[in-house]
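Okay, so subunit A shows up in both of these, paired with subunit B first and subunit C after.
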Partner chain A sequence: MKFSIQVNEGPYQHQASDSAYQFTKAALEKGHECFRVFFYHDGVLNGTRLTTPPQDDRNIVNNWTELAEKYDLDLVVCVAAAQRRGIVDEGEAERNGKDATNIAPRFRISGLGQLVEAAIQSDRLVVFGD
Partner chain B sequence: MSDLHTVNKSPFEKNSLDSCLRFSKAGSAILLYEDGVYGALKGTAVENLIASAVGDKKVYVLGPDFKARGLADDRMIDGVEVVDYAGFVDLVEANDKVQAWV
Partner chain C sequence: MSETKNFMFLNRRAPYGTIYAWESLEVVLISAAFEQNVSLMFADDGVYELTKGQDTAGIGMKNFSPTYRTLGDYEVRHMYVDKASLEARGLTADDLVQVEWEDWETEESVDNIVEVVDSEKVAELLAESDVVFSF
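So, the complex of A and B:
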């Protein structure tokens, strides 16, 4: 079955990013397909590679990147939410005159249309967050 | 035609469990996870809410989240079923759509 996941909450806030990650991993391990993971609102903070949690804590950002590498996931960060919260890739840095980027590997910045498409193309959309 | 409803907040923090139980139809599945697992405890002010729903709705608790909060299985309301993440995936697959009560 084809799933898409929406994450509305930042990492290390409550538990939504962890739940979304564990759910996605479990679905992929069962042989399901993940069409897209869409990060919205504070969820876009899952996509900064500057995150540095203590060494004995889980690294949620790296977990996503590693899962994406293993299963070729499409990790999409909402552009409007990203601009507000300072999540920047090359294109956004150029467009908005920023001197740096911080997008994590395997993440990309795109629009809300990607969420709508995910909802249409997938059998199920599962939402995590506050 | 059945839906899966998910509740991730404690009933002592938000009224999402109450909303979920009021709006969900008979035959629905309800999954309590994250702080939502507190709703499945015996002996609380909301015990009757869940206990009376167990008849015509299926209520599930995400086991890892229940355990992570130091709660023992014998404190869980009778009729509530425990699932793991794989079971969560199965519930999403088995129902037509998923409604998150956030």
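So, the complex of A and C:
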């Protein structure tokens, strides 16, 4: 089955991103396909490489990056939500005159159309959040 | 992407207090460009999103409620409101905005696409949807 995943909450505060990660990993290990993971609302905060959790805790951002590397996952951060919350890649920094970037490896910033397209192209859109 | 699906946007949050309602509306507006069958469902505190006469001056937030009245121009064909949620909050259909819809090709029009439905119908509509965007 072809899944797409929507993550609506930030890391650590809420279990949504952990659950989404576990679900996606399990689905891929079972041989299913993941068309796209779309990060929306505070979910965009999963895409900053500046996250530094304590060493004995899981690193949610790195988990996503590693999963993306292993399975060539498409991790998309919503641009409008990212601008509000300070998630920046090089293109955004240039466009909005910011002096730094913080996007994590394997994440990319793009528009809401990517979420709608994912919903059309996939057999199931699974939403993680409240 | 010629496939057409039944999209249902399920709105369960109050319009202010959290950003879910506003950012959900942004997805609805974008989805108009994809020519899908788009419906919205308002339940729980989400019914407050459609109330008339919202005034946000006191909380320093943008009042985005006028946008709901334009959704008929964004390919939204149905806006359903859960009756039990309305009643639990002491509201009736008269407290809600009206949203006009018109097909500019066929000139077919509907005065108000906001429709109050009972819980059984809510369940039916959700089950019939191909995609449920939950906010």
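Everything below uses one rule, namely that the second predicted complex is superposed on the first by the 130 of 130 C-alpha atoms of A that agree within 3 Å, B and C clash if a C-alpha of one lies under 4 Å from a C-alpha of the other, contacts with A are read in each partner's own complex, and residues count from 1 in each chain.
We take it that a contact is a pair of C-beta atoms (placed from the backbone, for glycine too) under 8 Å apart; a residue touches a chain by one contact, two chains touch by 3 or more.
Worth saying up front: this structure is predicted, and the values here are computed from it rather than measured.
Asker: Contacts for A:Ala16 in the overlay, against subunit B (first) and subunit C (second): which applies, first, second, both or neither?
Answerer: In the superposition, A:Ala16 contacts subunit B only.
Asker: Between subunit B and subunit C, whom does A:His41 touch in the aligned arrangement: first, second, both, or neither?
Answerer: Touch partner of A:His41: subunit C, not subunit B.
Asker: After superposition on the shared chain, which partner residues are touched by A:Trp64: those of subunit B (first), subunit C (second), both, or neither?
Answerer: Neither partner.
Asker: Quick one: is A:Lys30 in contact with subunit B, with subunit C, with both, or with neither? Answer first, second, both or neither.
Answerer: first
Asker: Which partner chains sit in contact with A:Val127 here, subunit B, subunit C, both or neither? Use first/second/both/neither.
Answerer: Both subunit B and subunit C are touched by A:Val127.
Asker: Let me test your reading of the model: by the given contact rule, A:Gly111 touches which partner, first (subunit B), second (subunit C), both or neither?
Answerer: A:Gly111 contacts subunit C only, not subunit B.
Asker: Take the contacts of subunit A with subunit B and those with subunit C, and give the residues found in both.
Answerer: In subunit A, residues 8, 125, 127, 129 are touched by subunit B and also by subunit C.
Asker: Which residues of subunit A touch subunit B in the complex?
Answerer: 1, 3, 8, 14-16, 19, 22-23, 25-27, 29-30, 32, 124-130
Asker: So in the complex, the part of subunit B that touches subunit A is made up of which residues?
Answerer: For this pair, the touching residues of subunit B are 6, 8-9, 33-35, 64-65, 84-86, 88-90, 92-93, 97-98, 100, 102.
Asker: Considering only the defined contacts, which subunit A positions touch subunit C in the complex?
Answerer: 6, 8, 40-41, 80-81, 111-113, 115-117, 119-121, 125, 127, 129
Asker: List the residues on subunit C that touch subunit A in their complex, please.
Answerer: Against subunit A, the touching part of subunit C is residues 1, 3, 5, 7, 19-20, 23, 26-27, 30-31, 33-34, 36, 131-135.
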